[in-house]
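Here's the structure, in structure tokens; my notes come after.
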Amino acid sequence: MEIVKTIKLIHDYIVRDEEGNETGKVRAIDGVDLDVAPGQFIAVLGHNGSGKSTLAKHLNALLYPTEGQVILDGFDTTDESHLWDIRQEAGMVFQNPDNQIIGQVVEEDVGFGPENMGVPTKEIWERVEESLKAVGMWEFRKKSPNRLSGGQKQRVSIAGVIAMHPKCIIMDEPTAMLDPSGRHEVIRAARALNQVEHITIILITHYMEEAIYADKVFVMDEGKIALQGTPREVFSQVDRMKELHLDVPQVTLLAHELRKAGLPIPEGILTSRELALALGLQPKETGSAWD
Amino acid sequence: MGLKIEDITYTYESGTAMSVNALNHITTEIPDGQFIGLIGHTGSGKSTFVQMLNGLLKASSGHIYYNGEDIDGDGYDKKALRANVGLVFQYPENQLFEADVLTDVEFGPKNLGLNESARKARAEKALNLVGLSEKYWKASPFDLSGGQKRRAAIAGVLAMEPKILILDEPTAGLDPRGRDEILGLVRDMKNQLDMTILLVSHSMEDVAEYVDRILVMNAGQIMLDGTPREVFSHVSELEAVGLAAPQMTYIMRDLAAAGLPVRTDCLTVEEAAAEILSHRDAIPAAEKGGSHA
Amino acid sequence: MLKDVTLGQYYQTDSWMHRLDPRVKLLGTLSYIIILFVVNSVPGYLVCGAFLLVCVLLSRVPFGYILRGLKTIMVLLLITVLFNLFLTPGEPLVSFWKFTITKEGLTFSIKMAVRLIFLIIASTLMTLTTSPNQLTDALESVLGPLKKLHVPVHEISMMMSIALRFIPILMEETDKIMKAQMARGADFDSGNLINKIKAMVPLLVPLFISAFRRANDLAMAMEARCYHGGEGRTKMKPLVYRKGDVGAYGVLCAFLAACIVIRVMGV
């Protein structure tokens, strides 16, 4: 069974004038069908305004469908009797690192979710310890969040979600406000959770580098899914990605240019090693910048 | 003439046990007409450095000269300096406050004491420069999209008609389209207005593509200074301080290691493609497939 | 840096006073303040002063820190003392120009000064030895019985604790926006009062907008983490009285009793 499933999901935002009268509607999501199997690492790419953040908020019952359905681990998100089950099973990490940390001390923030769920005190402490260790922030447990870097704050937010023992974590542009090293930290933590703890990850982003390691990529445009497939399938459509105002990896772009110039290179090259092999060279084992 | 920075140091909480040297004896020059990229990781002192250049922070020691005059000298007109050295902060859209876009952009010229028609003319010119068309001028800045808000905020600084424009991570948080728009805009401004530009950035790709000169900062000091090609040839030094060369440099190094005799200092996709194609003879796959170029 | 500003003035160290349950300190400070206005004789003040001195010594907070708290309200203290000194009717002691100092005025102003100084030292000591966190927890616990009267005790303490978390962030933001507007030629320092107030608009509007946006984001993040008020909530750091705390209550009661005895006996 899918952990996350949306069926013909439609979401309209109502536009109001200054007096609060309804003046129109904007369709942010327009018939999206999403299937995510447990344990997958999913990336949702799209430029700003493509509807990807609205989609994220549906998966945690922070928004409800105008039409269609969202099913999370068998629960329909409109079923209020399971609201807290849904929010516990589908954790959310948001974009702004400052605006989602509630506690004044790192460990207290991580304990916030379990406290709300009514977890006994002793178990809260166990969960806080395992969660902070999972994201490598254990030694910062007594610090004030204000003293941490952006990447560290986002890892604390991730720990706060893990402490709720979710089956799936939805990350809504968690790296958009971070510097390159912060982005690296967060993506590494997300990949580790997926590989070690087998937590399903749905990563919403506009940085294509972060989508390379996903099992499946969905590209959104104007509220619809414009492209989907493995990273290779998606990034091999260089021209289509450019139309959608998205980047493809530089090496994919280079391979694309070489192919256009007549070299016999397949589309969808994702690493310099693959490019070297395609050119008939013997690549040396070197680490890529993202490993 | 431009800016001359002579041995400046900046200490936070000076005199206490917590004192931190944010800047450590920096000496450099920003001559007129250059397009400079300033790179460094968070906490390297970049933001502190740029805030000194228009007198928002005062150096703990050392001097900064604009067109030969010491900006901390007695009676130096700081407001005039800020008009000449425009500074666009990170996430500049957070400073928008007026009821409509045009009035917000007029804020700077108004502070310079210009009369109503002059400041309106400047605001309109600035908005045209950043490509915000007339239909947005009377809109509330808060109703614009993220990229538009940022352009309105940049117009707010441009309306001061600065000779030197400093942009502190102008593409932070934007998607690829927004990023390309802003960087294209900066390049156009540079070409049209003959400004000096200092672009603070984390992205090696952006900097490599646009600027003539790169300053690399680390631990409050300038670590490297040169053309993009010179600076990015110091890959291991950059990596040692948590930075990296543009991705293309790594790709070309991997290809060279695999036996293709290419230059490794290519910075953009076009350049790299041309370089690889110029070695067509050395590509086994090209021979097998039969070259038809 | 602005980010280092903390509300209150918690002095971080490990002392017997610091380890005391925050509820003991909160209730202790309150009852101490009340008893200051109950005693009105020299022996009474001596007992109060001695008690305070012991507490200060147990806190291991340097005297300088405690006196700093006094400095800030010196003006208020002086005004109170002077008013009482000159405006209390009674048996004249000294008089010059239009002013007369009476015997009653003199004793009353001395009493007021002593009371105020003790009061300030006591409350400063509490904030120096109790982190804002613990203080909100203590407040929530002490005010707990009011929940029955539908007073939103949990919500109040949650609001306080969120405010404490966001004050440094908003201070930093104020600094940033101020500088951004100064880069556009804004002037926050010169001009008369009206101009200065007008100059605040470009600072306050963005600050309010940002505060609302943060509040909105935070509310959503809290909901996503299953926050639904105080009901059914457990605590990661529940307040539990230990032996030392019980002892402290004992000492406190003995002190209060002594003060009341002194007052009643009229010593």
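For clarity, chains are labelled A, B and C in written order, and residue numbers in each chain start from 1.
Basically, contacts are C-beta pairs under 8 Å (C-beta built on N, C-alpha and C of every residue); 3 or more make two chains touch, one makes a residue touch a chain.
What you are looking at is a predicted structure, and each value in this text was computed from that prediction instead of being measured.
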Contact graph of the chains (line, ring, star, complete, other): complete
Larger contact count among A-C and B-C belongs to A-C
Whole-angstrom distance, CA centroid of subunit A to CA centroid of subunit B, is 29
Here the gap between subunit A and subunit C, centre to centre from mean Cα coordinates and rounded to Å, is 44
In whole angstrom, the CA-centroid distance of subunit B from subunit C equals 46
Touching two or more other chains in subunit C are residues none
In the complex, the residues of subunit B that touch subunit C are 12-13, 18, 51, 54, 56, 79, 82-83, 86-89, 92, 94-97, 107-108, 111-112, 142, 156-157, 160
The subunit B residues in contact with subunit A across the complex are 41-43, 145-147, 172-178, 202-203, 205, 242, 244, 246-248, 250-251, 253-255, 257-260, 269-270, 272-273, 276-277, 280, 283-286, 288-289, 291-293
Listed in rising order, subunit C residues that touch subunit B in their complex are 1, 4, 173, 176-177, 179-187, 201-202, 205-206, 209-210
Contacts from subunit A onto subunit B in the complex sit at residues 47-49, 149-150, 176-177, 179-182, 206, 245-247, 249-251, 253-254, 257-258, 261-265, 272-273, 275-276, 278-284, 286, 288-289
The residues of subunit A that touch subunit C in their complex are 57, 60, 62, 84, 87-88, 91-92, 94, 96, 98-105, 107-108, 111-121, 124-125, 128, 145-147, 160-161, 164
